[in-house]
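Below is a structure I'd like to ask you about.
Chains: A, B, C and D, in written order; residue numbering restarts at 1 for each.
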Amino acid sequence: MTSAASGAAQTLDVAVFGAGRIGRIHAGNLARQPGVRLKYVVDVNREAAAALAAQHGAQVVDVDAAFGDASIGATVICSSTDTHAELILKSAAAGKPIFCEKPVDLTIERARACAEAVQRAGVVAMIGFQRRYDPTFAALKTRLDAGEIGTPEMLIVTSRDPGAPPVEYIKHSGGIFKDMLIHDFDIFRWILGDEASSVHATGSCLSDPAIADAGDIDSTAVTIRTKRGRLCQINTARRAAYGYDQRFEVLGSEGMLQAGNMKPTEVVAWSKTAVAQDVPEAFFLERYRAAYASEMAHFHEAVTQGVPVRTSVADGLKALELAEAASLSWREGRVVTLGD
Amino acid sequence: MTSAASGAAQTLDVAVFGAGRIGRIHAGNLARQPGVRLKYVVDVNREAAAALAAQHGAQVVDVDAAFGDASIGATVICSSTDTHAELILKSAAAGKPIFCEKPVDLTIERARACAEAVQRAGVVAMIGFQRRYDPTFAALKTRLDAGEIGTPEMLIVTSRDPGAPPVEYIKHSGGIFKDMLIHDFDIFRWILGDEASSVHATGSCLSDPAIADAGDIDSTAVTIRTKRGRLCQINTARRAAYGYDQRFEVLGSEGMLQAGNMKPTEVVAWSKTAVAQDVPEAFFLERYRAAYASEMAHFHEAVTQGVPVRTSVADGLKALELAEAASLSWREGRVVTLGD
Amino acid sequence: MTSAASGAAQTLDVAVFGAGRIGRIHAGNLARQPGVRLKYVVDVNREAAAALAAQHGAQVVDVDAAFGDASIGATVICSSTDTHAELILKSAAAGKPIFCEKPVDLTIERARACAEAVQRAGVVAMIGFQRRYDPTFAALKTRLDAGEIGTPEMLIVTSRDPGAPPVEYIKHSGGIFKDMLIHDFDIFRWILGDEASSVHATGSCLSDPAIADAGDIDSTAVTIRTKRGRLCQINTARRAAYGYDQRFEVLGSEGMLQAGNMKPTEVVAWSKTAVAQDVPEAFFLERYRAAYASEMAHFHEAVTQGVPVRTSVADGLKALELAEAASLSWREGRVVTLGD
Amino acid sequence: MTSAASGAAQTLDVAVFGAGRIGRIHAGNLARQPGVRLKYVVDVNREAAAALAAQHGAQVVDVDAAFGDASIGATVICSSTDTHAELILKSAAAGKPIFCEKPVDLTIERARACAEAVQRAGVVAMIGFQRRYDPTFAALKTRLDAGEIGTPEMLIVTSRDPGAPPVEYIKHSGGIFKDMLIHDFDIFRWILGDEASSVHATGSCLSDPAIADAGDIDSTAVTIRTKRGRLCQINTARRAAYGYDQRFEVLGSEGMLQAGNMKPTEVVAWSKTAVAQDVPEAFFLERYRAAYASEMAHFHEAVTQGVPVRTSVADGLKALELAEAASLSWREGRVVTLGD
């Protein structure tokens, strides 16, 4: 049913759901893979859909038409979060390989239903945790797995946005833990190779009172203790004046590995007052440009060559469970214990 | 009674209690101040006392003799922790300026008694939180206070020792929170300029099972939320394979300030596999060499010129209260709320 | 005659001469520009030509056929150095925009003839000094021109290859000054914005005696004094064990700007012995990947929008004159003065 | 005659000539050595002499009185350059160990006479090339000698002052090559472990026309080729807006070692526009503080324990010969060949 079964020579026809910023990036990266043809673009915003379709020689259709075409070999889901679960379920039912942006869903129940559906269907199903494909993060992970610093014991994650999104966005985001830290929870599981035993989260609204009015916070401090006793601290802020800050460090029994920010250039300026380098890449589109490309290449190889996906729907579910636990910890001011 | 009252021309005679490693450093740094004479060294280890006394032309005496000499203008307390409180109380009673190594005491009750005694006596009384005198940390604090990054909002402290001390030491240390994190709690109060509202601490014993057998841990993750909603995360480990790691960073509303490690040299080696710099200074004696010198110069100016001490016994008490709260949080697996 | 005249809607048909490593890169980057079609590939190596043509849906033809097609709107010359001049002259005669890899030619006479021919013909003619298009170097130049460090006074260029090419290559390379330093001479002119008044060059053969046997050297130290008294030092080596090293720094009256190497990742590893970062990008294809893309985008805008080329054949000639002067200085062991 | 012969128990009485800035530093560092007593201070400026003497409990005497006292075990010569040779000769004649600030003299003839005199007398005689004692530079040299980067092949020295001295100073300085680059020439010989075969120097006056009027330059670019074909480039400027810049790098057959600047603190500030570190230590007194201390400790061990001096009068002479050759090269605009 998938084009993986039909040989490399055959074209992989793809339907993209969502023609927004991230949809355009995924579409472009996927279209660059050999043998891939962007066939359909689906978006309630017909103008955006038409623009993306035109760029790739694709057609604008609706959901039913897209799923009605048996030649579609993969779906790329970049539409609004509330549509993810339904599209995943439809794709799974149709036996089509799935790439879906994070989060799977804002509720654990529906996310779990998706994880079960794709497993039952046996389709390739990949969640867009692009950070795992970042060259720096991936190189660190490879070196960690090779034993360069012995056993990992402690992980410190720093994750800060250059500025808060509009409050309207925040209201429908599911809260900072599901919207922003979902990535950090995935990093935690991936890097420490362990599951959470307990979670403590606290936070504040420090940048914009409107965020507090919307029932959310903009700064968090999360601590996770794993089943094996490893420790993880995550600090996040919606606003870092100096830009997008994406770092983590792993302390191991024999050393430490740090993943630093990327800079636009390697210029260093020596003035009367300072020796100055560039601030980090502006935001996720710049910072993770290479990661997004690598992520789609991986989806392509998963679909066409049967390589197991590195970021599964089950990973998406696990991260969501952590976000839920952190949210509960913050709201109730207590440590939350996770079951087996 | 203090030599501050008697004019700069007069010699300041000092009694040092404790001739161990840190005692020798403080004695040397104090003796380098103009007009200071090391008169007495007191230590139950007579050999150590004699060696230090010989180096400075001082006499070895016992505690009573030292306090019996009215000409002693200051006491420097570097003896074992269980003697701190008694010596502070004696010094306060005798109206002598006090420098005392951290911690004031392992119990809050006795530490509070010391704080009250020195306040009643009105003597100069300084606690050895040497990190505040470190050139890098002090410069950061000055720039923070000058508003360089706006309002401080989040503090991340990394504090790792190169290796765990002998288990015998650990057994009498009061536990990792009072022994090791006491410094980090002081950094927290100093940098954020705020007091803790709640504390959460967790930890593990990852390096040496003997530490767990002694009822302690070697790795901790602490989170503090302040009364004004600021956040602090502290991560500590008794063992970092690459050496002594002493960093912190403050995120403010308009930027970030980081305090990095110091290196023995500025050599960079480019080989086939890496571009390599020195590991950090080996341990606290090297890392805080300048801080120790600056600390004693400050004690000297406090004694002779009436400059208010920057690290008071009250600060020592506050840090101890945080250590106690963290310890409770860890033992009971819950968030601890601090009163006003 | 050029497609610039015919409006943006028209396709720009391109002929590429040379299907080697750099030809393939330029072809790929040019093909990515909107409206560009790779029509012909010319190479004496028919296999290489066929492979590149197949990738882009182009045809393999010979030189005459390529020039015989009036619809060709631009030529991209990446063939061996000894063919550059002839192809430039043919393109100029045919009124076709030219992109030509460095060097224009190994002789000043023929390079000058090319410069004159393209000027007479009034065609767009660009030389492949890709370093000017490197994001780091270009950002530095922009900041320099904006006056960030006042007047530039001194330039230090470090330019080292990871390893020497085969001696067979060296024999036909024109020598290290024309083959390798040609880029550094262009950097010198571009950054200091001044022309050489005198040149001194010395060098040695330190890595491989076969290079000396071929009459060449592998390590050079060049000093240029400009007409305005500015100073430039260039150091080059054919072999740097740690990889491709491409740095320069400009000292100005009010500060300094440095351009550093690029690293594959931002991982930092802290071990018992070192704090280690990645070695630089391996070689020019990796280091200047972004530069090559930007270079072709610039050629495209020069051809289609009439933007003046930033690296002209005249620049190529000037760099060659410096290479010739340096070579003479080295051979005769004396300072060479350049005329007006 | 020297105190080395008389055992560690005996006091080493020292006479210091010159009570200026550097004299005070050397006196302080030497007095810190065990068993050293500063007995005499000699300076035509009686006020400066009296101040330094008072600080160390020494006496102010004239040259003859100092040399007339047989108990003087070492002389420290920090007086003006034109007095160095005479004092060295007197010390040698009196069999007294000598420490003398660079340069030995401004003329090769007199410097050679000094080298010969101290050799004949067999006295310890050390020249103040303090850079060799800098922790960073010394560590680099040790690693180089241990073979970490194979055979050294190329040396790049950057040596820039924060600002030009008064023109009055420059007039009597012997010119930039003897006054400023003398240190860099010593670094060259020390690091490459080879002697110059040819020297080329050029330069300009770019910061202050008064320097040109005084017949000197403020910016230089020097190239040295060694007898074994190794290459060295030195760039110097009297004025770097960002402070005192003291770096060098050695390219070896198997890697590179760089010696970087030292910073006052390890604070890093992340703002909207830059990630900024401290500018380098302000000037030589700060940058080489540790080097000066280590240098005097070495002189002390040379005098008292017979350890061979690491920076001899012969080294001073060799550096001066290079300065002379560079000066000639600059004035005559030609390469200068050095004999054997």
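Brief remarks follow.
The criterion applied here is as follows: contacts are C-beta pairs under 8 Å (C-beta built on N, C-alpha and C of every residue); 3 or more make two chains touch, one makes a residue touch a chain.
Model, not experiment: these values are computed from the prediction.
Counting steps between touching chains, the shortest path from subunit A to subunit C takes 1. The chain with its CA mean position farthest from that of subunit C is B. If you average the CA atoms of subunit B and of subunit D, the two centres end up 40 Å from each other.
Taking each chain's centre as the mean of its C-alpha atoms, subunit B lies 58 Å from subunit C. Rounded to a whole number, the gap between the C-alpha centres of subunit C and subunit D is 43 angstrom.
Within subunit B, contacts with two or more other chains are made by residues 149, 240-242, 254-256, 269-272. Interface residues of subunit D, counted against subunit A in their complex, comprise 240-242, 269-280.
On subunit D, the positions that touch subunit B within their shared complex are 135-136, 139-140, 143, 148-149, 254-262, 264-272. Listed in rising order, the residues of subunit B touching subunit A in the complex are 149-151, 153-154, 156, 158, 160, 198, 200, 202-207, 219-221, 223, 225, 229-233, 235, 237, 239-242, 245, 251-256, 333-335.
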